[in-house]
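Labels run A, B, C, D, E and F following the written order; every chain starts at residue 1.
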Amino acid sequence: MYELGVVYRNIVRTERNLADALSRYGTATVHEAMGRVGLMQPYMRSIYAGAQVSGTVVTVLMHPGDNWMMHVVAEQIQPGDIVVAAITAECTDGYFGDLLATSFKARGARALVIDAGVRDVKTLTEMPFPVWSKCISAKGTIKATPGSVNIPVVCAGALVNPGDVIVADDDGVVCVPRALAAKTLEAAAAREANEGAKRAKFAAGILGLDMYGMREPLAKAGLKYID
Amino acid sequence: MYELGVVYRNIVRTERNLADALSRYGTATVHEAMGRVGLMQPYMRSIYAGAQVSGTVVTVLMHPGDNWMMHVVAEQIQPGDIVVAAITAECTDGYFGDLLATSFKARGARALVIDAGVRDVKTLTEMPFPVWSKCISAKGTIKATPGSVNIPVVCAGALVNPGDVIVADDDGVVCVPRALAAKTLEAAAAREANEGAKRAKFAAGILGLDMYGMREPLAKAGLKYID
Amino acid sequence: MYELGVVYRNIVRTERNLADALSRYGTATVHEAMGRVGLMQPYMRSIYAGAQVSGTVVTVLMHPGDNWMMHVVAEQIQPGDIVVAAITAECTDGYFGDLLATSFKARGARALVIDAGVRDVKTLTEMPFPVWSKCISAKGTIKATPGSVNIPVVCAGALVNPGDVIVADDDGVVCVPRALAAKTLEAAAAREANEGAKRAKFAAGILGLDMYGMREPLAKAGLKYID
Amino acid sequence: MYELGVVYRNIVRTERNLADALSRYGTATVHEAMGRVGLMQPYMRSIYAGAQVSGTVVTVLMHPGDNWMMHVVAEQIQPGDIVVAAITAECTDGYFGDLLATSFKARGARALVIDAGVRDVKTLTEMPFPVWSKCISAKGTIKATPGSVNIPVVCAGALVNPGDVIVADDDGVVCVPRALAAKTLEAAAAREANEGAKRAKFAAGILGLDMYGMREPLAKAGLKYID
Amino acid sequence: MYELGVVYRNIVRTERNLADALSRYGTATVHEAMGRVGLMQPYMRSIYAGAQVSGTVVTVLMHPGDNWMMHVVAEQIQPGDIVVAAITAECTDGYFGDLLATSFKARGARALVIDAGVRDVKTLTEMPFPVWSKCISAKGTIKATPGSVNIPVVCAGALVNPGDVIVADDDGVVCVPRALAAKTLEAAAAREANEGAKRAKFAAGILGLDMYGMREPLAKAGLKYID
Amino acid sequence: MYELGVVYRNIVRTERNLADALSRYGTATVHEAMGRVGLMQPYMRSIYAGAQVSGTVVTVLMHPGDNWMMHVVAEQIQPGDIVVAAITAECTDGYFGDLLATSFKARGARALVIDAGVRDVKTLTEMPFPVWSKCISAKGTIKATPGSVNIPVVCAGALVNPGDVIVADDDGVVCVPRALAAKTLEAAAAREANEGAKRAKFAAGILGLDMYGMREPLAKAGLKYID
């Protein structure tokens, strides 16, 4: 967050199979599996419905209204990566469009997560190239000041380190630190394993009050029923 | 709004056929039929396009970040109900996902209206289970403090009493008080009856200026044409 | 912006073929072609995905919560026009619905751009009648105070004069002044001409760093690579 | 909230000494004394620092951009009242200035609480006449459509009934229902009674951890210390 | 708004005594005198309470995060001017601090009105140098891309031409076009002349209902009193 | 950011004289001295004007609506510390009031920086105890779930590590990492040393255009003057 004008070429990525496997579980499950932390703020929205991905992180830090580093980060992309872009101040400009998406896709990128705006969303949707962004804006940017690539960044309120795993879907974006990826995958799988049985019970009309044994703790907490 | 820790089990619902019939008319028509009151704030959006429902209200009041009462309100749902959820302070957390939706649906709920966030929106869309919410967020909640069920609540700026009727569609959410449901239905039907004829005239190129006789009042109000 | 209660009947529209041709290029290209100016703020969103239009501007200025002038502007619409509606103060009310859309369409309007809310969006989508707005709201309006038609207005941060060209798509809305339309069309075409070749190179894996010769200026600007 | 065009002249006000006594305790204490409910949203701010009042409520409901009812509610003010103004849709216009403040003050009003804008804040500050509002705006309003006086309203997320008590200070605005005023006053006094002793202990360096016996419950909840 | 990279050196300023005289009337009176138009959006706030100025406009248009043109506009300032700064996209950076304020003041500027952020507000307050801005931010800017000076700009929703008059106080900022300055001054004076008498009547307890003869029109509009 | 339920008792604080010396320079200077990074978002405002502090960081991470950890962090405060409080999701509740402020002050804390709300601001101002917060709210919190103390947190968009230095004033809040404190202090001093001379020149009417030699680069960048 503090080094400007540097590009780290060698980063340690989360093991591929771990990063890939996390996409199976949605952000809600992964975020719960991590102990309810790691989520970006809810203003981060997918540009089209239904996208669901996971991948290893390369980061880029840019200045307001300046997307020069997008071309620098493109070179650092490896297949299976997701680019996480942060800006040094609040900005709604459109940093990314269909040409850069073509470049990113050719390099093997799976998605872009950016705390600013993007444009050409119709074409991005057709490609398709998934993007989670703060907003959509046709506003172009300049190429004047270097930022950095592959330093730790804060994106939409979440700390993201290069090599971490991003999981993103219609519910939002969560960042899983590399050191926690294996444990999180395991916890997510465990959560998911239970969900099928629970869903069947709920569908049969069984109440959560009974399934989770909540009646007694609710009464202890003071809940009263009035007829 | 002031009683915490209570569940009212017996509420007087608006007559079923009244509550059902109101769904025929959109929120715009119903809100006009009520005299341009009763609308929730426009940040309340449907999680998918095209949903249009009406139903009788059961209410739930919860604390920020705590969805315990969702399981309590589930038991109070009767077929044809819509759950209206209010929070005691501003909150964007995801209070509701596909498991609770399965439970609500099994109990006969038609929709959820919540002044906070929801998650698993992809699955909710597939089910489909209609939700109108302030936002979408994967952020999970805890189960620590009781709130209340079936007390009057303020949801997105609108006062909602248990037993009222909610009408919701792509234009927003309107609450029709039980005592006004019959009169509102009548007024909505009357409005709608006129609309077909008006639409035909507009489609034929007739101007509202002429159809509504506005030229004279506009001139009286001072409007001037300049060539 | 300062004359209230007036309707200018005779405005000089941008030449039809210029206004029409600009729709071929998206807002991102047109806004760049103008030198990165003329865009409305990014909160202006299309009510449905995929709409892309251009047309000549007729303007209307209204008061908060009062849509009377919508009927006045309808009469001034000529085929190929786009209505640009501004409000004298921030307002989220629904100024426009399916009846007015039917009227506008019958007059030949291609779209509405409004710095406030609209309603009946389901029907507008089915017609289809494209609208770019600040929000969606079922809230109705009154008809009490005259505003103006075909005066210069500020809409979502952009100055719009009657007769200008609006270009709008999923990326936003841009206003091209009449005097700049020919030059902008030419510049947009020139930009677009280059894009196909660039896209092919990007798709082949060539980096922007090399295609645009950025490595040297980045090094001069102080960018450092660290292994 | 649903009756437009009516003025209730006879309302039952909370007993004067109860309404007056509540001003001694700030909004934070009163809101806690009510069980953490009844607060308006935090965007409601005093136009100058240091104001602290309580009083009995008269309500007024107005349309966006229309302050006609301000003159109607003025007649219903009795000494010791606070006017609570709600709008039927989001609006930032300046509904109230120094002339109306002079009128309200002459009638005995103690303050205005309004979910919209006010103006002449320099003069209001000099008078002084306390106002809590959503914003400050010089934007004027019209007088075209009747609203209502002394019906229940939702103001900044809180349900307010005529005759209730408003307590307002630099921390915000809380509404105490008439039926709960005596009990709330008692609970607030009890809270306050403890605060002096607690403050002295905190000032002496005693920790809340020890004063409230939190170490054991924290350990039970899983908190771990790491050296 | 469309010419980038130009500085107009010769502008026609509103006559000095007109521009000066308007400061006597607040923004609320001036905005009413113009017919309730010309106001900037209410997010424009003074950095300290009590400032009230008027002056002739010099404009500057800048890019997001780039304050280079602030030094260019400084040279164009004449005694009695107010600088109005617009940005080509939404930006919250701090474009202006105590050094530039010293320069502006030395050139005779009376104030800055900027649709972005400023910094060093403590020193600006001590000088004092009045500023109306969207926000306060320590975030610095670069000097990379030319904008323009003395072209028409849109600032916080208002169209501002070089040579116009800005009136600003605690209620906001209003722009009076040069051609309307004399007429607006006259209308403002007329409004103000009446206010003293009205204030005295209000202070004596006379109601607006009676002073303005509103009882009959309210009854005609349908207002009903209920005892 | 990822460890919940832990308290780190031993942290390495920035050297006292470095942390103290940074308060001499405002946030604008310090943020520039760091290369224009490290600033919290501009919504972070001081609860009263004129506060200016620096100090070593202890961090606390809490859940929405739950301030239990405030009492835990109090024990970890050493004289000269500033508490930086982050929340795991967006929240506007009032986490901190005059009792906690008394406790923090008794422990030697210099200020609180919190990405949520505070209350009792009148008393905090009188004490005085400086607070920078997202908002002010009387809304109380519960004590149900442990968070963490002295782990890295993201506060208002900035990464903050325990032991770092916070500099805060009317312009905002900047975080200086421990490793950069000495270098930043030096750079800030160097910047400040130049400012006096510059200010004198600006006050004498010398233009930045000449003082900084900007005329040539502006011409090269294409700026044109038009008479």
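The rule is simple: contacts are C-beta pairs under 8 Å (C-beta built on N, C-alpha and C of every residue); 3 or more make two chains touch, one makes a residue touch a chain.
What you see is a predicted model; the values in this text were computed from it and never measured.
Q: Would you pick out the chains that touch chain A and also touch chain B?
A: C, F
Q: Have a look at where chain C meets chain E and say same if over half of the interface residue numbers show up on both copies, different if under half do.
A: Chain C vs chain E: same; shared/all numbers exceeds half.
Q: To test your reading of the model: what rotation angle superimposes chain D on chain F by C-alpha positions, in degrees to the nearest 5?
A: It works out to 120 degrees.
Q: Counting in whole Å, what is the centre-to-centre distance of chain A and chain D, each centre being its mean C-alpha position?
A: Chain centroid spacing, chain A to chain D, equals 41 Å.
Q: Measure off the straight-line distance from the CA centroid of chain D to the CA centroid of chain E, and report it in whole Å.
A: About 31 Å separates the centre of chain D from that of chain E.
Q: Using the average of all C-alpha atoms in each chain as its centre, how far is it in Å between chain B and chain F?
A: One centre to the other, that is 42 Å.
Q: What parts of chain A, by residue number, touch at least two of the other chains?
A: Expected reply: 36, 39, 42, 63, 88-90, 92, 137, 139, 144-145.
Q: Per the touch rule above, enumerate the chain pairs that touch, sorted by label.
A: Applying the touch rule to all chain pairs gives A-B, A-C, A-E, A-F, B-C, B-D, B-F, C-D, C-E, D-E, D-F, E-F.
Q: Which part of chain B faces chain F closely enough to touch in the complex?
A: 63-66, 88-93, 137, 139, 142, 144-145
Q: State the interface residues of chain D toward chain F in the complex, per the touch definition above.
A: Residue positions touching the partner: 26-28, 31-32, 36, 39, 42, 45, 49-50, 52, 169-172, 174, 195, 198-199, 202-205, 207-209, 212, 214, 218, 221-227.
Q: Provide the residue numbers of chain D that touch chain B in the complex, in ascending order.
A: 1-2, 4, 34-39, 41-42, 63, 88-90, 152, 154, 157-159, 177, 180
Q: Going by the contact rule set out above, which residues of chain D touch chain E in the complex?
A: 5-10, 48, 68, 70-72, 74-75, 92, 94, 97-100, 102-103, 105-107, 117, 119-122, 125, 135-140, 143, 145-146
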